[in-house]
Amino acid sequence: MGAASDSTQTADDEMGPLERWTHGVVNDQEKRNRLYKALFYVAAAFFLVTTLFPFYWLLVLALTPSVRQADWNVSIPLLGEVPFPTPQGFNVYAFVEVFQQVPFHLYVFNSFVLATATTVIVLLLASLAGYVFGRLEFPGRGLMMLAILAVSYFPPAAFLIPLYDAFLGNAVYIPFLDIELFEPPRLVNTPGSMIMPFSALFLPLSIFILTTFYSQIPDGLEDAARVEGTTRLGALFRVIMPLSAPGVATAAVLTFIAVYNEYFFSSIMALQNQPEQWSPLVGGILSYQTQYTTDFNLMAAASIVGVLPMLIIVVVAQEKIVSGLTDGALKE
Amino acid sequence: MARVHLDDVTKRYEDIVAVDEMNLEIRDGEFVCLVGPSGCGKSTTMETIAGLTKPTEGTVTIGETDVTNLPPKDRGVSMVFQNIALFPHMNVYENISFGLRLRKFDTDEIDRRVEQASDVVQLEGMLDREPSELSGGQQQRVAIARAIVRKPDVFLMDEPLANLDAKLRVHMRTELQRLHKQLDTTIIYVTHDQAEAMTMSDRIAVINAGELQQIDPPLVCYNEPKNRFVAGFIGSPSMNFVEGNLTDDGLTTDHFDLEFDSDGLEPIDDDVTMGIRPEDISLEREADSATSTSETIEARTDVLEPMGDEIFIYLSLDGASSEMMTSNEASTASNQLLMSVDPDTEVGEDESVSVVLDRSKVHLFETASGEAITHGIADLSDATPTASVAPEAESGGQHE
Amino acid sequence: IYGDSTSEDAVVWGIDPNADEAVGDEIIDLLEENGADGIDIRLQPGDEDTDDRRDSYTNLLQAEETQPDLFLMDNGWVNVFIQRGHIANLSEELDDEDLSLVEDEYFESFTQTARDPETGDLYGVPIFPDYPTMQYRKDYAREAGYDDDDFEEWATEPMTWQEWAELTEEIVEASDAEYGLATQWDQYEGTSCCTWNEVMSSFGGAYFGGREDLFGPIGERDVTVDEPEFIEGLQMMRTFVADEADEHTLEDEYPLGLATSDITSWTEEDAREAILSGEAVMQRNWPYAINTNLESDEGDDLTVDDYGAMPMPYAVTEDEAAQPGTGGSTSALGGWHIVLNPNSQNKEEALEVIRATMTDEFNLGMFDLYGWVPPKPALFDTEDAESVEPMGNYMQTLRVAGENAMPRPVTTVWPDQSSLISEEVNLAVAGDKSPEDAAADLQDGLEATEE
Amino acid sequence: MENLGETGFAYLLLTPVMLLLGTIALYPLLRTFELSLYQNVLSDPEFVGFENYVQLFTGGASPRFPGSTTFLPGVSTSGSFPFVHLEGLLRSALAVTLLFTVVSVFFETIIGFGQALVLDQDFRGRRWVRAAIIIPWAIPIVIQGMIFYLMFHPSAGFLTEPLANWGLVAADNTLNDPMSSLLIVTVADIWKTTAFMALLILAGLQSIDRSLYDVAKVAGATKWQQFKLITFPLVLPALGIAVLFRTIDAMRIYGLIDSVSGCTTVPSLSCMVVATFNTNRGLAAAVAFVTAGVIAIAVLGVIYQQYKEGF
Amino acid sequence: MARVHLDDVTKRYEDIVAVDEMNLEIRDGEFVCLVGPSGCGKSTTMETIAGLTKPTEGTVTIGETDVTNLPPKDRGVSMVFQNIALFPHMNVYENISFGLRLRKFDTDEIDRRVEQASDVVQLEGMLDREPSELSGGQQQRVAIARAIVRKPDVFLMDEPLANLDAKLRVHMRTELQRLHKQLDTTIIYVTHDQAEAMTMSDRIAVINAGELQQIDPPLVCYNEPKNRFVAGFIGSPSMNFVEGNLTDDGLTTDHFDLEFDSDGLEPIDDDVTMGIRPEDISLEREADSATSTSETIEARTDVLEPMGDEIFIYLSLDGASSEMMTSNEASTASNQLLMSVDPDTEVGEDESVSVVLDRSKVHLFETASGEAITHGIADLSDATPTASVAPEAESGGQHE
């Protein structure tokens, strides 16, 4: 509140300090800017602390060899004992141990393959659909969108058993009629058995995102591209998609991360939690949680190791994709 | 290098008819300007030709092909858009070369052509700027370059020079004309600039409310407008119109009469509107004796507007200087005339003057339909003019 | 890229993760020493949560996966897999010699859980039966003035809960321990099948009216939950956990706060670590905990001298028990079998491994290594077993526990009932619900599942 | 291909999407629906028509739900105001799911918007702040669950005591206490999925034509007015999508509950599907369909809003 | 109602200086047009005044307040943007009323004002259309209405009429002038339309490459341009320039000489450029005896460009009709002159003609600096003109 100090004394005599300060803020642009700045930094700091604290906690857990005996209180002058976790010991060995037990690199590789393939498929299909829904007028449009959306209403478990059956190589029957259609190949333990359901399940979200963003690109730009010699699809990939970069990048990041974190399907489709069976990273981490439920430090260390690749993606790719491409966004 | 033919094209948006049964035949290699008031359907017509908009009815033919259902890319057209529509995610070079890259020209050829085109529009050295770093005029020039770089059969240009300064506009006009000659392309051009339409086009198509009014060479449109709309629209400042009655002896208006033999004319009724362009009115004292001048008309000068190369004089026929008179409005009021004179003419505001009309430039239109009855009454008159004027009639004349 | 998996030729045994972590390599050595040499054996740890492990085995077998070739299965689930035809009929796979060995030498009642009830065919070979005991810190007890004589008596003579509680309280006060009892009371299968089942039985209670009706028939048996003995058992446990007396505690009979309230979210490992670290005096746990704690170099480096076991305390004798077949010291019957994957590509080798597990050396070796109690009465009672360090020192207690084993009432509706029981029992003990209400609600709930 | 006309072209482009969704989504759903008309699927399938659905709404299915959970809350009528009482709200899968959804989506929207606004600014270190804000979204649910589970774990956690002192959570048996667990699960969900909101809203913000702000500034708009009149309406479509999908997702919450406390403590609809899956598959299928129906009703409002915005 | 003062304002973008030490003093209530070539910094200047762009250096004052650091909303300005920038999520009514709603006017007042403004721009009946349903001109009119509805102290208009047809443009001009008078606002106006600049503004500010060249009333700029740039930029078609040498007796060029007493003139060196506007050249036979005509110059007519109200004649001084000659280019070549004559003048292409210049309209500029030396040599000449012309010199004269 030092902002008030430089306002002239005479005029402010009758006002209290707060009033004086508000007065200053209302009337003085500089002060207002400073207030915005301050508010902004407070908000940013708040968000940072709240999002990062759980990670700090994870780190504390990983470094503390015996979590059970730990004392999470720190004493702070005046306040006395305050519950705040700090590492009790410094056992970096947990991280080494994690690697000794589980072939993390293989799990990570699997996750990347699955996530990348799914993301590509989803973006491609969702772009087509987003273009259709966002930029074309045709009968049945609203209804089809609702139908696609309805797919995401169902708990994943609703899809699981028939898909699992089919992916096991069992014959596919027409529902209610018991007429055998065909016998699909056995897909369990292959990437296909995961990529296909992931694509279908994450598709609605991306379709809706892209529909929204594609519909906002001015017609003139598509027109220009078409006159210049592209097909409508060409215009979609050359003009509309790049111009919707923030939306496309968001859809991509959301899909990628969702697949990376998916476990419901992959835990079933990869019959065992083995990297050879395309079990993803979450499976690897989970094998810690489920097998050794009280080795908190190992669990935490495994989690941190599992999160690191994502962290790198988020820091590097996210920035590259979102702001790299936003240069092209509709800023004038 | 291709004829463009619109056959009964109609384009309807929900409740608005943007283009109304348009029949337009543009010859191979022709340069046609579309002009008309804002919102009359020019851009829609262009979009129909480009294939960006499907006509509600009618067919579009380019060359010998019915292209009504062909996508834009297969029509061999290129277009400069009214709203410019640069791709914000590409720099100038990429914008200009977009169409060439789509067609997989090799890099050298692309470079050569882009350089050439950017020379034409004077954008050298700006090739790697982003559109957001360009001024309005520069953006428009990029749009032009993007269209011309491809050398298509048909150019569609929707107000391509609107954002350019006079000098550059003149330059661009020249370049476009040169291009037209060199490439022998058909050019369809929308403009609001009369000078542009007059100097560049082989023919001008005047459109109003979605309907084609006239398509003719510029001077024909100027001198022999088919109807009052065209007469008023072409020419700046606009033609003066005075309503009157046709008698056997000529025309009677509230403020003056013109004598001529109206036998040969066949209007639907006697209500006619006379039209005269500002430059066809002259001060009696300066009148060129060679031209067939009309009866003298007494008037008062109202506002003088010096333009540098000429002066616009607003004449009040009933002597009353209308309150809150603003210059450009004058020609629309029936008791007022706008004339243009040489810049060194000595005349002051609020003076009494006698003016004469050039009888060969007097146009007559049916008041009801607006259709032209005759252009020039010089040949109709049986004798030299005799003064039979009714100067300074009371007020009246507020017919609308 | 994962096409040619190198483990194709190996015999893979799906096994308990804690055992694998602790003594995985030794298990393989033991198998190889006992006839399975030359076979590439791999242990594949599953989920620690047994329900999850069961589910994933269900999936694997339903998917006709070829691996794992062998599974370690809870005696509680084997029957379900038999019914679904998911596991190999060992009566067909094993030689008569082996089959008669099982018939002759194993605990018959325990082996029974690995047979098809209808045909009597054998589907699994018992690896170890499991009987929980009350394990305690002798070092703390000594501080309270007790000595080896007392320990010897405790080892075979079950106490009443009251005696036990007083004793424990006394030890807590005399030692560094923070509280008396560590056990498992989370909302999970272990509470309904075992920890609470034991307490309930020791109070003469039962879920479905006594031993006879444990396995059904569903709907034709009584639900006997809303009964005084059931409520009293809950009240006792509540008293152990509660800090203050209230209308639901039996503070006159039992000490308050004998156990930490944390037990309401604890499972086996939590309890084991609690006693290992010296927080608790007593823990109710399976035999493996004895072995693990004594081998552990964490916590208070415990030795046989510091660590005792006794049968579970009781409240009423069998005669006084309200429900037939209950009462007295009760240990839940746990235990595991080895079963064969019918799709195994290495059946012969896998059968070799099974045979190796049937050797006395293996049984005793595992007893030694990890506290897996030998499944053969002959081994159980021999000197051989008693000479095993450290487990041999607890043989007497284990025998008592085994004699008082109470199976869980597994039927097709047991999973539904189990979660209902553990929830109500957990809430009652945690003090979130009165024991009376919990019993009444549970009575209604169980009756609904029995329909 | 392009002269198909708008409608034909649209359907052509939608074909691959429809094929994928048809085989991977529609087919299994039909099979599952078929399943929902049976009982005793695993042992001895018996066609019962809509019996499973009927039982859900009449309470007949409750015994087959885990623990004491139910589908609908109990209703009793009594003389005192408000005459109709709902009982066991936190035992009811429907009530818990709705409660969780409303609270979590509400806070996620508010906080996510705030984060997006912060990230839309230009400042030094923005990429790090952005990464930090998004990273919770990148955390697998099992890890997220573990983080919060351990915060309240009786022996490893540190938060139970201070929060219990403030009366926010139960001091004992915290993770088995329905109210406390629901709160913890909700907070954990907000922590993680706010990033989803932030990301989508940020994308919306970045797509706004900057020259519109120039116009607004000259027209005299304050920062707040620019937000209200330009920013907000223009991100509304993106925000709508975010809220729509968050609502749907929240109503299907399962994994987090499973890893933080357990399905009997915080019984969500999806929890009930999974929990009954291995015992009563027909019932599970029915619950899945009812869940979808409930979600459809719940998102009607958002869909209508989107529809007005022109989808 | 406020003076606008730019003091040494410079705006730099990375490597480009968009505005260069601009000093501009616009008086309270004045109507000033900014003109200049595309990309010269007009829009940037406007943005600086509006507060959308912070000048790199210098200060901006509106009224008595230094507003350099004030946000746009506190400057009391309204602006029509060159790129129109309508709010896509608002219909026409909401777009127009935006500023009023911000200021919490009551609904009736808003309705009244919006109606008024939409009347002015002739958008009645379109108030509930979405921007995407409007033609280019209609969009621009909405943008204008959005600006005028607020009645601020200072109007900034960046090519507000670029997309309108001539007729509507005339109408809008009138309306803007009326508004200017009514509200007494200061208006700063960017246009590329000479007629607009000439008729509407109190003063014209000519900018080139970010630098202010001249700010003066329109006729002063037209008749007494400060330098060759202004002379060439103002007036359409552009002034003719012929390079030559200044001698004691007058001016010598490759094609003709002009005699006058150059004593009073003080150019830095003898290289001077003569400038003469097309309308100040006349055929000798038609020359008005009243004006002080120059020596006769022999030339050949090249291309004739009839414009309706006048004809442009391209004169070739060396007799060679340059290959690929395009009309509008003529005035830029030193061996060619462009003249404009009455539409009824009888003259054909490729004819020999004698033309004279109006001596009072001859401008002289220093070739090197472009600075004006004198405007009109009539008063300098000691005697009546004598023919001393060097007609049809060889070729030469390609000085650039």
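For clarity, chains are labelled A, B, C, D and E in written order, and residue numbers in each chain start from 1.
What we mean here is this: a contact is a pair of C-beta atoms (placed from the backbone, for glycine too) under 8 Å apart; a residue touches a chain by one contact, two chains touch by 3 or more.
Not measured: the values here are computed from a predicted model.
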Touching chain A and chain E alike are B, D
Sort out for me whether A-B or A-C is joined by the greater number of C-beta contact pairs.
A-B
Taking the mean of all protein CA atoms as the centre, name the chain whose own CA mean is closest to it.
A
Between chain A and chain B, the Cα-mean centres are separated in Å by 58
When centres are defined as mean Cα positions, the distance from chain C to chain D in whole Å is 39
Chain C and chain E have mean C-alpha positions lying a whole-number Å distance apart equal to 98
Just give me the whole-number Å value for how far the CA centre of chain A lies from that of chain D.
15
By the touch definition above, chain B meets two or more other chains at residues 71, 83
Sites on chain A at which at least two other chains make contact
68, 216, 231-232, 329-332
Within chain D, the set of residues that touch 2 or more other chains is 2, 153, 155, 209, 211
Which chain D residues qualify as touching chain E in the complex?
209, 211-212, 214-222, 225, 229-230, 233-234
In the complex formed with chain B, which residues of chain A make contact?
218, 220-221, 223-232, 234, 238-239, 242-243, 245, 325, 327-332
Inside the complex, what are the residues of chain E that reach chain D?
47, 50-52, 71-73, 77-79, 81, 83, 85, 87-89, 98-99, 101-103, 146, 150, 156
Contacts from chain C onto chain D in the complex sit at residues 55, 58, 83-84, 186-187, 241, 260-262, 264-266, 270, 274, 412-413, 415-416, 419-420, 422-424, 426-427, 430-432, 441, 445, 448-449, 451
Of all residues in chain A, which touch chain C in the complex?
66, 68-69, 164, 168, 188, 267-268, 271-273, 275-278, 287, 290-294
